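Below are two complexes that have chain A in common, paired first with chain B and then with chain C.
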Partner chain A sequence: MAKVLVVTSGKGGVGKTTSTAALGAALAQMGEKVVVIDFDVGLRNLDLVMGAERRVVFDLINVVQGVAKLSQALIRDKRLENLWLLPASQTRDKDALTDEGVGKIIADLRNNFDWILCDSPAGIERGATLAMRYADEAVIVTNPEVSSVRDSDRIIGMLDSKTVKAERGERVEKHVLITRYDAARAARGEMLSIEDILEILATPLLGIIPESQDVLKASNVGSPVTLNNAASAPARAYMDAVRRLMGETVNMVVPAERKGLMNRLLRRRAA
Partner chain B sequence: MLARSPGFFVGKPVVLDLSAVDLSQSAIAHLVTSLEQRNIRVLGIEGVDAAHLTTSMPPLLTGGRPTLLVQNEPKKPEAKPKSTSLLLNNPVRSGQSVVFTEGDVTVLGSVGSGAEIVAGGSIHVYGTLRGRAMAGVNGNSTARIFCQKIEAELLAIDGYFQTAEDISATLRNRPAQAWLEGNIMKITPLN
Partner chain C sequence: MMNLLRLMSGRNATAPVARERLQILLAHERGLRGQPELLGLLRAEILAVVSRHVVLDPEKVVVRMERGKHVSTLEVDIEVPNGVEKSIAVAAR
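Moving on to the complex of A and B:
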C-alpha cells in the first residue's frame, strides 16, 4: 500500500527540500520504491539537491496539462535504482497546478511506488495546499526558533482541515522533524528546546537533525546527505527518522559530530 | 367538513353504514353506483338487512366497531435548545479563529500563538493560552478567561483588553484567570 507523505513547514529555508531528498534517499536505501515530487513550481530546487538538474526534460506541469506522460517526466536516480524524481517546472508558477491534475498524478503513482514524497513549497498558498492535499502522512520540518514553530502550528491546523483525509473525517498522521538543532546553543538558552517545541506543537517527534556542515556540503554536490556521507551526524539522524517512519522504535538521540582529539583541543582553545 | 373537502373519501376503502337511514334495494343500488361514479370504492355495507342487498352490491359486513382515527402527522423536528457552550477536543492552531457568540468556549489543549477565540461567555483553556482570547463579546461583563498557563497575546472581556505587554511577567507560565472589575481588567494566578 503506497503512502503519500508531504514534507512541509510553512516557513521557508527550514530544510524541507534537503529533508525530502534525505528521507527519500534513506527510504530507497532501505529497499523501498520511492518517488519524490517537487511542488515548488517556479522555484524548483529538489532537482539540484538530488543532482538531477541536467536530466530534466518534462516536469510536473507538463504532466498536469497532459503534454507529457508521467513515465516521461520521471527521472531515475543514478545512484539508487529505486529512487525517482518528478521535477517542478521553473518557467511556470503555482497557478498552473490543478487539484484534479495533482490528484490524478498521485493516484497513478500510488500504483507503482511504496512511498510518494511531496516536497511542499513555503507558504500556505496554492502550491503548499496542493502538495498536502492528498497526503496520508505529513512531516513538519521545524527549526528551533519561534517563527518557524508558529508557522508549523499553522500548517498543522491546515493539515487537519484542508486535506482530502481531513475532509473525509480521517486524520493525516503528523510528525515533527526538528532540523538545524544545536545542542550546545539550546543548552545555553539561545534556541528553543525540544520540549518547548513539542509542547507548542503537540505532535509526535520524528527526529532531530543536528546543525552540520555536511548538509550544505551534500547539497552543493547534488547528493542527498544520507547518500553523500552516510556516517555523518545528520545522515544518521535522517536514517533514524526513516526507521521511525517505517514503524520501528528507535531511541531518540541527537547524533553528535565525531571529532578527533586534535579537533576538540583546538576548539577549546578557540573558545 | 365534508362539504369543504369533496375528495376526502376518493381512493380510500370505505364501508357504508346505513343503520341511520331506511333505504330500499333500488335506493341502495343507486347510492352505490353514484358513489362509484365519484371514484369512491365501497368495500362493504353494514347496518342493513341482508335481504336488501343483491349479489352485484358490495358484501354485508357485521360486527364493525368504531375506531379512533390516529392521524400520522409527520413529526416536526424538535427545535433543539441552542447549545450554550462549545467544547473543542483539539488544540487550536495558529491562524485558526473560533467564534462562538452563544456562550462559553472550552478548549482541551493549547491555543497557539496567532490563533483566536471569541466567545459570548467565558473562555476556558486546559493548556497554554498563547493566542488571543476575547470573552463576553456580546456585552457580558461577567465573563472570565481561565487558562492553565498564560502566555496570551491579548486578553479581552466585553471590549476591555490587555496586550501581552500589559500582563505582568510574574503571571507568565502559571494558571491564571482574568475578569472585569468595573472597567478594569484583573488577572490573578489560580493557585
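Moving on to the complex of A and C:
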C-alpha cells in the first residue's frame, strides 16, 4: 500500500529539499516506486536539486486546475526509472493550491506508487499545511540549533492536529531527521547533542546526516547525494534512514567521512 | 543557572544553555498552543477593567512577562494620574 510521507521542518534552509531528493532516490535505489512532489509554489527547487529543471513543462497547479493531466506533469528521473518528480509552479499564485485539488492528486498517486514524498515549503502557511495534510508519515528535518528545534516542535504540534489522520483520531507517524550534524562540535558541547534534541522533541530518530561537503557537491550537479556519491558519509546516512523507513532495524551511527591516507597526510600538512 | 551550566561544561560548551532555554520556551509554547496568546489576552482584559474607571494613556502602560521553568511573572505597570480618585468619588456620589 502506498505511503504518503511529508518532509517538513517549519524553519527554512535546514535541508528539506536536499533530504526529499536523497530519501526519494534512496527509496528508488532500493526498488521502490517513488514520486517526489514539490509543494513550494513560487519558489520551486526540488527540480533543480534533482537535475530536472530543464524538463519541467507542467506543474502541480496545472494539474490542480485541470490544465494538464497528472501523467503529463510527472517527470521521470533519467538515472532511476522508478523515480518521478511532480514539480511546483514557479509563477502562479500559491492560493491556486486547494485542499480538494491536492487530495485528489494524492489519491490518484496512491494507486500508482509505493511512496509519495511531499517536500514542504518553510513556514506554517498554506503550502506547508497542504504538504502535510494527507501524510501517513512525517520526516521532521532538524538542525542542531535552537531556532530549528523550536520550529520542529511547532510543526510536530501541527502534524498532531491539522492532518487528515489527526482529524480522524489517528496518528501521523513522525520521525526526526537531524541534518548538518557535527559530532566533534557536539562532543565539545558547542552544539546540541542528539540526546538533547530527541529529549526536547520527544519524537523517534530516523537518522543523523553529518555536515558534509558532499551535499553541496551533489546539489551543484543536480543529483541526489545518494546517487551522486553513494559511498559518501551523508549518502550512507540517508540510505540507513531509508532502511529504517522500510521497517529494517539499522544501528544508529553517525557515518564519518572516509579519508584516504594521502588525504589525511595532506590535510595535516595544510594545517 | 546558565552561567553555572557554562562553568560546569567548560568554557565553550554553549549547548547546555541552548538546551535549557529550549526546554523552558517549549514548555510554555506547548501550553499555549491553540489558545490566544496569554500575555496579549491578559493585557487587553486588565486594561479594559482599568479604563472603566480611569482614562488611560496607552503610553503609560507597561506589561512585562518573565518566563521561568516553574513560574512566570506578569508585571503590569499602570501610571494613574493624581486626582483620579477624587473624580471617581464625585461620580459615585
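Going forward, the second predicted complex is superposed on the first by the 262 of 271 C-alpha atoms of A that agree within 3 Å, B and C clash if a C-alpha of one lies under 4 Å from a C-alpha of the other, contacts with A are read in each partner's own complex, and residues count from 1 in each chain.
Basically, contacts are C-beta pairs under 8 Å (C-beta built on N, C-alpha and C of every residue); 3 or more make two chains touch, one makes a residue touch a chain.
Because the structure is a prediction, the values reported are computed rather than measured.
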{"item": "A:Asp151 touches, of chain B and chain C: first, second, both or neither?", "value": "first"}
{"item": "Partner chain in contact with A:Val250 - chain B first, chain C second, else both or neither", "value": "neither"}
{"item": "Of chain C and chain B, partner touching more chain A residues", "value": "C"}
{"item": "Chain B versus chain C as contact partner of A:Ala186, first or second or both or neither", "value": "second"}
{"item": "Which of chain B and chain C A:Val67 touches, first, second, both or neither", "value": "neither"}
{"item": "Which superposed partner A:Ile200 touches (first chain B, second chain C, both, neither)", "value": "both"}
{"item": "Chain B and chain C footprints on chain A, overlapping residues", "value": "146, 150, 153-154, 157, 200"}
{"item": "Residue ranges of chain B touching chain A (in the complex, touch as defined)", "value": "90-96, 109-110, 112-115, 128, 130"}
{"item": "Contacting residues of chain A [partner chain B, same complex]", "value": "124, 146, 150-151, 153-154, 156-158, 160, 199-200, 202"}
{"item": "Contact set on chain C toward chain A in their complex", "value": "9-10, 12-16, 18-19, 21-23, 25-26, 29-30, 33-34"}
{"item": "In the complex with chain C, residue positions of chain A that touch it", "value": "145-146, 149-150, 153-154, 157, 161, 186, 188-193, 196, 200"}
